[in-house]
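What follows is a pair of complexes built around chain A, which joins chain B in one and chain C in the other.
Moving on, here comes the complex of A and B:
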């Protein structure tokens, strides 16, 4: 009798062997129950060159050190859980391949938010900024009979900023946010842009007033770190400038 | 007791407008200081670079600038206005820049307020002193111009 195990073994043997490569992963660790200070740990593993860094971290967590902590969910660049400072640049661990960083990669938590454990940071200040700009459609002109319709041109106006997955890569690459986490940060402005320029929304002015505060869009120094960091390729700095201009000319 | 089942009346349009911030000004201080930094920057580009080219770079540099030099130069209202505008704009621009940096790096609200106020007082004092000098400077009070 052929058992399921036999089938699995056979399929394992049938699988082409992969030329694995060595990868040294250096991770900045932190655990308040162990030490007040962070420390560095290093593992050298063998992996498929096309493996994503998030899987390499899994390999370490599952086979080398179960205490290693990081966030991830979708593993496909959609949920925004696993933004990390990878070789000094904010990236999603699930969108970086082993071959792109081999033979050695350094991983740290994203900056400007307090670290809870290892690569997990407290996202609350980031979410506070996001919530402050009313990130939902506001339209009190009465309920429509069907859906709220919009021309392709009107939809296109804010298309770029609909792509945000709230990974915080932009906001935690911003030097103004590093200095003052009260600053709403690029991600909040991107999401404000998404509604300010939506023809169906009526609260653009309210959002622009919120963004005219001391914590708002005029703290931006146009460093472009956010645009470089965004894993979704959103033109973050451009969106911020468009919001500034809308406030300046009260046009949107 | 009868319960009212009539639907919630729609908010009157002007109340809704008010809730959404229509009609209330947007922008304000942060917007206008942001605009000011850009306009004063452009003016400073002319005033400060011009000032450096005229006063600092020619042979002799600042060593040739003495009482007589200033006395002659400031006979012209043009140069008085130039220097006064350079002083005012550099102070306003510089102090506002320091205000922004304080917002960035000083988090305790008390310290933030105290440091910003110190910058305002220093800036205001220097503006008043400078204006008094530019307006009242009269070299003849110290004898004939040489």
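Moving on, here comes the complex of A and C:
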């Protein structure tokens, strides 16, 4: 009888050596327990060309320098923990492969939020912006016995903005957000859009009032950085424009 | 320095189960949620395909058919009254999510759309049924977002990036609170409360190939285990058949629900041989074993011959775009494969823990064969074992478990705190936690946690995965003993207070080792094959001896004691599991 072990042994023997590639990883470090100023560290590691950058960071953390600190969880682009400035662009480290950036990659924390340690930033101002736009369904017209009806077309109207994972890649790529702490930023507007254009919601006007204030949607200068940065492929700038138009024409 | 906080109820974990419990609790008592991640980053958000309920929106259906499928899918290790309750309450739970704003896909007449899923059938196995309510292939994301939105609406108090490191009980065994570590500062906090709800998720990170997030390290089960509470059916771990090859990233069963098929290297749709009636929509344990068999008989593909393929290239591209967009993108990004044109390499991936902290249907933690209730202690979701999943969970029933039993646990805990006085913790309750952390921080030289973790994951994958034997499990038990010895000597480089993820990952590794100990101990003694637990040296189910739940206890000397408790039966008599 062939056992599990035989199969695995055969498999191990058949395993070809993967051609690894060298990757030099340069990281902007910061830790106020060590120094008031940030500094750069650099490591060169060998990795599978298809290795995710977040796993390259793990390789460094687990085998070279345990003090390197970053957030991560799902490692496949759905939890939004590992947004970083990678070669000058906001991306999720788990959606960038080694071969995309080899032989050299520069990683910094996302901008516009205070750095707490290495690649970890203070998310609270970002979450404050999110909470400010009433990010929940409001409908006081009584609850049906079963589900509320919504046509596939009405459901499709706000589909794009339901994809947001609150990673902050859009908001921290926005030059207006960097310069103006009061601006709610693209992610908050995306989440407002998700409810403003949901046919079941009744508080669109209230959200539009919040977003028409000086910290709101008209701060946007339409630079499209946010759309480029979104790891979920949300057309962020388009969503912002739709909210602007809805406020101007009250068409929603 | 420690800070003390006092609440009526604490929820540990900010995923679907924790948030659902918190919604219930926060309306009735002072509640706080502690989460080691920002809640919206919890792994509920990675669930893809759907959440089942017999709404009957697309085809005739009934909760009782759903219960039958759940019991049969679980290979009769399911507690049948719990399955009947869950499938009955499923219907209202889904409507509730919709009324809270969950953007389900819709039927042409505006109702919640439903699709097929593995093991879900019409009238006790006649044919596949459309029962899974869904939002593209991001149903978990939508559930997590919707529940978090409802928590924001209710102004629920969150302590984000707080790790729970100990459960506090008084001498009588009454729940007193927890100890938590604030990641941002390294401070310890004492949280006093009358009720504690654990909702910490699974522990798939003990395996090399897993769909689980890095955060899924079995924190809740390990913590309560260290405090004398048993763990139930830990050997029952689900290996999902369609993980992206090498990576384990999940490709939803919805791909097969929409018509995708699994092929071997010869291009044969081999599930026709293993499950002639429902073919590729057989339950996950059966498909994973069939894949293993194909690989063993030399019909696997890839450089090591250990892949098979998921083919959706024959589906209408607009269906893929509308209903399976995320998993298509995963294949493109991570394997550079275009699913619209070619089959995607897959292999089984460690996915879901059926076992966990034993509870009743109100989420109350229960100990022993007599099910004595631990006052004030609750568990929900993947960290718990009700048991509604038995030896093999049906697809979509995890999300359902969260909302049904999250609500029930929250409801029961809210009543409990009304009738209970706040108990007093011992003096310096943080002392054991301090010793644990100081032990790790104090060593300047020692073993590397990263190496221990990798050896754990590699060996669990080789020896305790889809196919197990007395030999492989005994070997794994030896390896675990040596890994634990090395863990006791582990040293880390980060000695700081601020965001010391080095320290937290090392604590998490300790949790994983505990969960692996319990899993292997249960698997070694269970000399039968049932659901996800397949022993090649005992390939048949043995109802005469093994129709019972395993309870593993950690003794004070570190050894493991195994007890059993009966399965709660009901209308369904165990029969051979054919599809």
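Simple rule for what comes next: the second predicted complex is superposed on the first by the 238 of 252 C-alpha atoms of A that agree within 3 Å, B and C clash if a C-alpha of one lies under 4 Å from a C-alpha of the other, contacts with A are read in each partner's own complex, and residues count from 1 in each chain.
Heads up, the rule we're going with is that a contact is a pair of C-beta atoms (placed from the backbone, for glycine too) under 8 Å apart; a residue touches a chain by one contact, two chains touch by 3 or more.
In this text the structure is predicted, and so the values were computed from the model without any measurement.
With both structures placed on the common chain, the touch criterion links A:176 to chain B but leaves chain C unconnected.
When the two structures are aligned on the shared chain, A:244 is found in touch with chain B, with no touch to chain C.
Looking at the shared chain after the overlay, A:163 reaches chain C, while chain B stays out of its contact range. Residue contacts after overlaying the shared chain place A:142 against chain B, while chain C stays out of touching range. Using the contact criterion defined above for the overlaid structures, shared-chain residue A:213 touches chain B, although it does not reach chain C. More residues of chain A are touched by C (comparison of chain B with chain C).
Of the two partner chains placed by superposition, only chain C is touched by A:79; chain B is not. Touching of chain A by both chain B and chain C, each in its own complex, is seen for no residue at all. Residues of chain A touching chain B in their complex: 138, 140, 142, 176, 179-180, 182, 202-203, 205-206, 208-209, 212-214, 216, 218-219, 244, 247-248, 250.
By the touch rule above, chain A contacts chain C in their complex via residues 2-5, 7-8, 10-12, 14-16, 31-34, 50, 52, 61-63, 65-67, 69-70, 72-81, 95, 97, 116-118, 120, 123, 127, 131, 135-137, 139, 143-152, 155, 158-159, 162-163, 165-166, 195, 198, 200-201.
For chain B in complex with chain A, the residues that touch the partner chain are 10-11, 16, 19-22, 24, 26-28, 30-31, 33-35, 100, 103-105, 107.
Contacts from chain C toward chain A in the complex involve residues 37-38, 40-43, 45-46, 55, 94-95, 98-101, 103-112, 135, 138, 141-142, 145, 149-150, 152-153, 184, 213-215, 247, 249, 295-296, 303-306, 326, 330, 333-336, 448-451, 453-454, 462, 467-469, 471-472, 492-494, 496-502, 536.
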